[in-house]
Amino acid sequence: MGATAHLDFIAAAYAAAVIIVGALLIWITLDYRAQLRTLAELDRQGVTRRSGARRAERTIEQAKAAANAQAKEEA
Amino acid sequence: MNPLAAILVRDMRIAVRVGGGALMGVLFFLVVVTLTPFAIGPDLALLKRIGPAILWLAALLASLLALDRMFAADHDDGSLDLILMGRAPLELVVAVKGIAHWLTTGLPLVLAAPLIGLFLNLDAPAEAALVLTLLVGTPALTFIGLIGAAIAVTLRRGGLLLAVIVLPLTVPVLIFGVAAANAAVIGPVPFGTPFTILCALTLASLVVGPFAAAAALRQEME
Amino acid sequence: MRLSADDLHCHRGGRDVFAGVSFAVGSGEALIVIGRNGAGKSSLLRGVIGLVRLSQGRLTLEGGDPELTIAEQTHYLGHQDALKPSLSAAENLSFWAGFFDAPSLDIHGALDAVGLASLAGLPAAYLSAGQRRRLSIARLIAVKRPIWLLDEPTSTLDVAAQGRLTGLMQAHLASGGLIMAATHGPIGLAKTQELRLDQASPSLAQDQGDEQEKP
Amino acid sequence: MALLDFANPSRFLRFANTTIPWLSGVTLIVFAFGIDQAMIAPDDYQQGATVKIMFLHVPSAWLGMLAWGVMTVAALGTLVWRHPLADVIAKAAAPIGAAFTLLCLVTGSLWGRPEWGTYWVWDARLTSELILFLLYLGVIALWRTVDDPSRAARAAAILTLVGAIDLPIIKFSVEWWNTLHQGTSVFRLGGSKIYPTILIPLFIMAAAFTLLFFTLLFAAARNEILRRRVRTLQLMQASQVT
């Protein structure tokens, strides 16, 4: 086996390492982004962990924000 | 989306989701091939000679065992009743389900075969012949298996019964598949003859399978 | 359109499931099939669409599409919901709409009609039994078929959902469709015929308007 | 012990979000240093330059074992101590362990190729690695068929424990099976004496691989927790709709 043939196998081995670890990294990041997107979507729909509690708080906050926005216009 | 495309898309989606059996066939194929050297011994020359036979047997079992839930699942949740009430002819619906199964089980086998062939020390021509014969042979296995799956649709323990019913029917495909795969390595017979017969067998099963399975489903339903 | 049957017999498992059944139901009308458990209500419905072999008798459909069989113009809501747990509600519904070749794919409208619009993306496995039943009913809305065969449609439905179902049934009748429902109690429809299955030769009781409990 | 009070997932999420960037930074640095050391290490007098593949093969074999070890501890966590995060770690570790074992198989086959003339020889150590790889695929397949996380966790935990007990038995029987069929030309991978000049880069690479493993593990565990949160929210959404 010529020395150059060895280099091919070494290169192939390191290439395999990059491919396998790279695939793992890509899969993990894509999965992470997908979960975040679904979570954001669920949050947008107002699905909360403690049944309606947080949704109720949010509507109160929105009401307050709308109220003082109006107050500023009149002032 | 026309009815047949709807069935294909649905079956593919279910197969790849959690609980679907998409790559289960390939895992079974890998495990069976890995186990044989432990029985036969790590002698590479011997493994090389019987390699195609082991790979074909493993592919045969892998594609059949994944078939038993094909119609039984639809029967159990009531989908089969509605499918029978559809305007699409049942034979085509059954054929499309066979194609969906082949794409999720048969095709991955063909793609994995060369890699797994390395464990049995197959060289390039043997690998090429193996892939070609499996590519042509696995559809025949699936479509013959359709008949068994349709017959076993209402049975509780359909799995093994399916294999017992269908294995004898797949003998010709196995004989000519292995003969063609071996022809490239050792066989006295040139590659062409067994291969063309294998193609003929596959074409025949593409027609007979759906018709027989559809008839069996109609009988089964009353 | 008029679906009529005379002298239907069904012999299965060595016994007469039902015998001598005759009925006729026109468009805009609903026929309720009543009888104790095991009286053959489901078998009668399945017999009409060929899922159960009828040993004797004739089924005729006047006014339907001549090339199509009765089954191909019928929606059947059986005991099971025909849903795949790993597919989402929208995917299940769009599959059935696609399979029954519905011209207009108004998935969202159908889900809205049964009050499941916000759960479109959820896998069917996460739905409750009542919600799965409503998703199955949504199939009848997404695909327009003149004949509805309903096998105990109100099972697992709460009061609100039953009200919604009655509304959908009335809309279907108003649009010229016909309904045949196997049920235990009244399903809140005004003009209905009753077909009682538990007597030796089931009689077709015609009671326009009010519902009276048969003795 | 720090691990114990990660009982509630959100604290683990905060921990993961802070450590992952740091950990990946350190991993990169150690890798760069390791590969540099590996490249300048002298050729082995017997195998020539292919010994450089050892710097990938041996660490990935160790990591394949370490991953199963982590899964075994997590399995005990699930079954014995009922630790809520244990099955998240177990499910996250399985694919990573499988990937490292696969890397070990590929590099092993490439390393032996010049000597054997074929890509695969049923060498005792490589064969045991292959069976470990099948065990990994089995656990992953189990995770992918059972939908409900808690049921899947217990089933996978039992399989992992049985696997852990069985691994030494597999190793012994494969060694015995291999010596029984001494006919084949058995190539002792890495049989030559290891000089310190090769040992140092080997340990650096092993450290780099371990850091990489834990970075990936935390990231995958974070995904798993988010996936569970999505599932609970969706179930809640279904229950909220009348």
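For clarity, chains are labelled A, B, C and D in written order, and residue numbers in each chain start from 1.
We adopt the following convention: contacts are C-beta pairs under 8 Å (C-beta built on N, C-alpha and C of every residue); 3 or more make two chains touch, one makes a residue touch a chain.
What you are looking at is a predicted structure, and each value in this text was computed from that prediction instead of being measured.
Trainee: Look at the interfaces B-D and A-D and say which one is made up of more C-beta pairs in contact.
Mentor: If we tally the C-beta pairs in contact for B-D and A-D, the bigger total goes to A-D.
Trainee: Determine, using the mean of C-alpha atoms as each chain's centre, which chain is farthest from subunit C.
Mentor: If we average the C-alpha coordinates per chain, D ends up farthest from subunit C.
Trainee: Would you kindly tell me how far, in whole Å, the mean C-alpha position of subunit D lies from that of subunit B?
Mentor: Whole-Å distance between the two chain centres: 33.
Trainee: So what's the Cα centroid distance for subunit A and subunit B, whole Å?
Mentor: Using C-alpha averages as centres, the distance is 39 Å.
Trainee: How many angstrom between the C-alpha centroids of subunit C and subunit A?
Mentor: Taking the mean C-alpha position of each chain, the two centres sit 45 Å apart.
Trainee: What is the distance, in whole Å, between the centres of subunit A and subunit D, each centre taken as the mean of its C-alpha atoms?
Mentor: Whole-Å distance between the two chain centres: 25.
Trainee: So which bits of subunit C are touching at least two other chains?
Mentor: Where subunit C meets two or more other chains at a single residue, that happens at 85-86, 118.
Trainee: Residues of subunit B that touch two or more other chains: which are they?
Mentor: Residues 18-19.
Trainee: Counting only residues that touch at least 2 other chains, which ones in subunit A make the list?
Mentor: Correct list: 45.
Trainee: Every touching chain pair, please?
Mentor: Contact pairs between chains: A-D, B-C, B-D, C-D.
Trainee: Where on subunit A is subunit D touching in the complex?
Mentor: Going through subunit A, the ones touching subunit D are 1, 3, 5-7, 9-10, 12-14, 16-17, 20-21, 23-25, 27-29, 31-32, 35-36, 38-39, 42, 45, 47-49, 51-52.
Trainee: Spell out the part of subunit D that touches subunit A in their complex, as residue ranges.
Mentor: 48-50, 52-53, 56-57, 60, 95-96, 99, 102-103, 106-107, 110-111, 113-114, 212, 216, 219-220, 222-223, 226-227, 229-230, 232-234, 236-237, 240
Trainee: Under the definition above, what is the set of subunit D residues touching subunit C in their complex?
Mentor: Touching subunit C: residues 147, 234-235, 237-239, 241-242 of subunit D.
Trainee: Sort out for me which residues of subunit C touch subunit D in the complex.
Mentor: Result: residues 85-86, 115-116, 118-119, 122-123, 125-128, 131, 158, 160 of subunit C touch subunit D.
Trainee: Once bound in the complex, which stretches of subunit B touch subunit D?
Mentor: For subunit B paired with subunit D, touching residues are 18-19, 23-24, 27, 30-31, 34, 37-38, 41-44, 118-119, 121.
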